Amino acid sequence: MADEGLRDDLRRFVAERDWAQFHSPENLAKSISIEAAELLECFQWSSQADVDRVRGELADVLTYCHLLADRLGLEPGAIIREKLAVTREKYPVDQVRGRSTKYDQL
Amino acid sequence: MADEGLRDDLRRFVAERDWAQFHSPENLAKSISIEAAELLECFQWSSQADVDRVRGELADVLTYCHLLADRLGLEPGAIIREKLAVTREKYPVDQVRGRSTKYDQL
Amino acid sequence: MADEGLRDDLRRFVAERDWAQFHSPENLAKSISIEAAELLECFQWSSQADVDRVRGELADVLTYCHLLADRLGLEPGAIIREKLAVTREKYPVDQVRGRSTKYDQL
Amino acid sequence: MADEGLRDDLRRFVAERDWAQFHSPENLAKSISIEAAELLECFQWSSQADVDRVRGELADVLTYCHLLADRLGLEPGAIIREKLAVTREKYPVDQVRGRSTKYDQL
């Protein structure tokens, strides 16, 4: 179920500012890492974080993810589902239940 | 427009593996940074990257973002929209058009 | 106290492989983020990590930091000391003792 | 060649502020990722960056790397050298000269 309204809102936001020129896939990938670290900063010295601050930083990560997806012609929900199918195979329930072991060490 | 089907698929995936115990907000925030760096690795030595590889890594970042959102009772599309409204205010079209300057240096 | 022997070892390693062409400051900055995330991965699901694995990943982060420093004509020990002097001013002992508050919230 | 003067300066800086309590290996690993992303932010929209800003951010990454090394009883120069020996083996000159291919794809 693609959220085309959201995609269109993001496209309009970028177009109005003429920012597509900065949004190469590489720059968007850098931006995702940068925003992910700002999210991590909410938890830098403690496992407890302010939920409002987390919400804002998580939104930034998601926004750049959606921009990169759109740039590459991908639909976020679709690629999550596609990867979930792969991950289900890599981590069979009976082998991984209750364990955080990485698949290459199973 | 919430994608409740996707949310439910992710919940089922986690529940079947009994992995909610590992998915503290802090651990999910670390996971988002880790996966964001794997995405960045696609562009480590070149601005050109293999699209299939990018698709898989972007899906991983998005998946952990959705897991963190659900953990905090947030809806991904809603927080992107909410933040977009804030960012529109911080970056007025007439001041930022065609410029990548950060808001605190406008 | 500059460790010129180490700097020269790193230069020789790069020169023998003709890798300076890949080591733009931007690519080295990406590499530092990528390796930092591999270090973080040692702590993804637990605050306890295998020390040997941490040692190897920390060495990778440090190596790219030294390559970037050399590329920019900087000496690692010198810039750490220089920044330490700045940080001492930003975080006066009597205001921050025993607190992890960020300087802009002191 | 260990720089014990620098190590002692860092120890004194931390001790005066009673910050060792925050410097678990996990928190330092998070801090390294966070600072690495601030370094990357210098290159977010362009391959050209302000050298003074890079110098400051690189110093922050290095500082946390030294704090983590000291926490684990490791000497930064020694672990870089140790890893360099391993990497020399993984990337033999005659196989990798002028190529950025990862070792597992050689």
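By letter and in written order, the chains are A, B, C and D; residue numbering begins at 1 in each of them.
Note that in this section a contact is a pair of C-beta atoms (placed from the backbone, for glycine too) under 8 Å apart; a residue touches a chain by one contact, two chains touch by 3 or more.
The model shown is predicted, which means the values in this text are computed figures rather than measured ones.
Looking across B-C, B-D or C-D, the pair that copies the A-B interface, with over half of its contact pairs the same by residue number, is C-D.
In terms of their C-alpha centroids, the spacing between chain A and chain C amounts to 26 Å.
Averaged C-alpha coordinates give centres for chain A and chain D that are 26 Å from one another. Centre-to-centre separation between chain C and chain D, using Cα means, comes to 2 Å. Across the assembly, chain B contributes 22, 30, 33, 36-37, 40, 43-45, 100 as residues in contact with two or more other chains.
Chain-to-chain contact here is organised exhaustively, every possible pair of chains being in touch. Residues of chain C that touch chain D in their complex: 1, 3, 5-6, 9-10, 13, 16-19, 21-22, 24-26, 29-30, 32-33, 36-37, 39-40, 42-43, 47, 49, 51, 54-56, 58-63, 65-66, 68-69, 72, 74, 76-77, 79-84, 86-88, 91, 93, 96-98, 100. Contacts from chain D toward chain A in the complex involve residues 22, 27, 30-31, 33-34, 36-38, 40-41, 43-45.
Contacts from chain D toward chain B in the complex involve residues 30, 33, 37, 44-46, 100.
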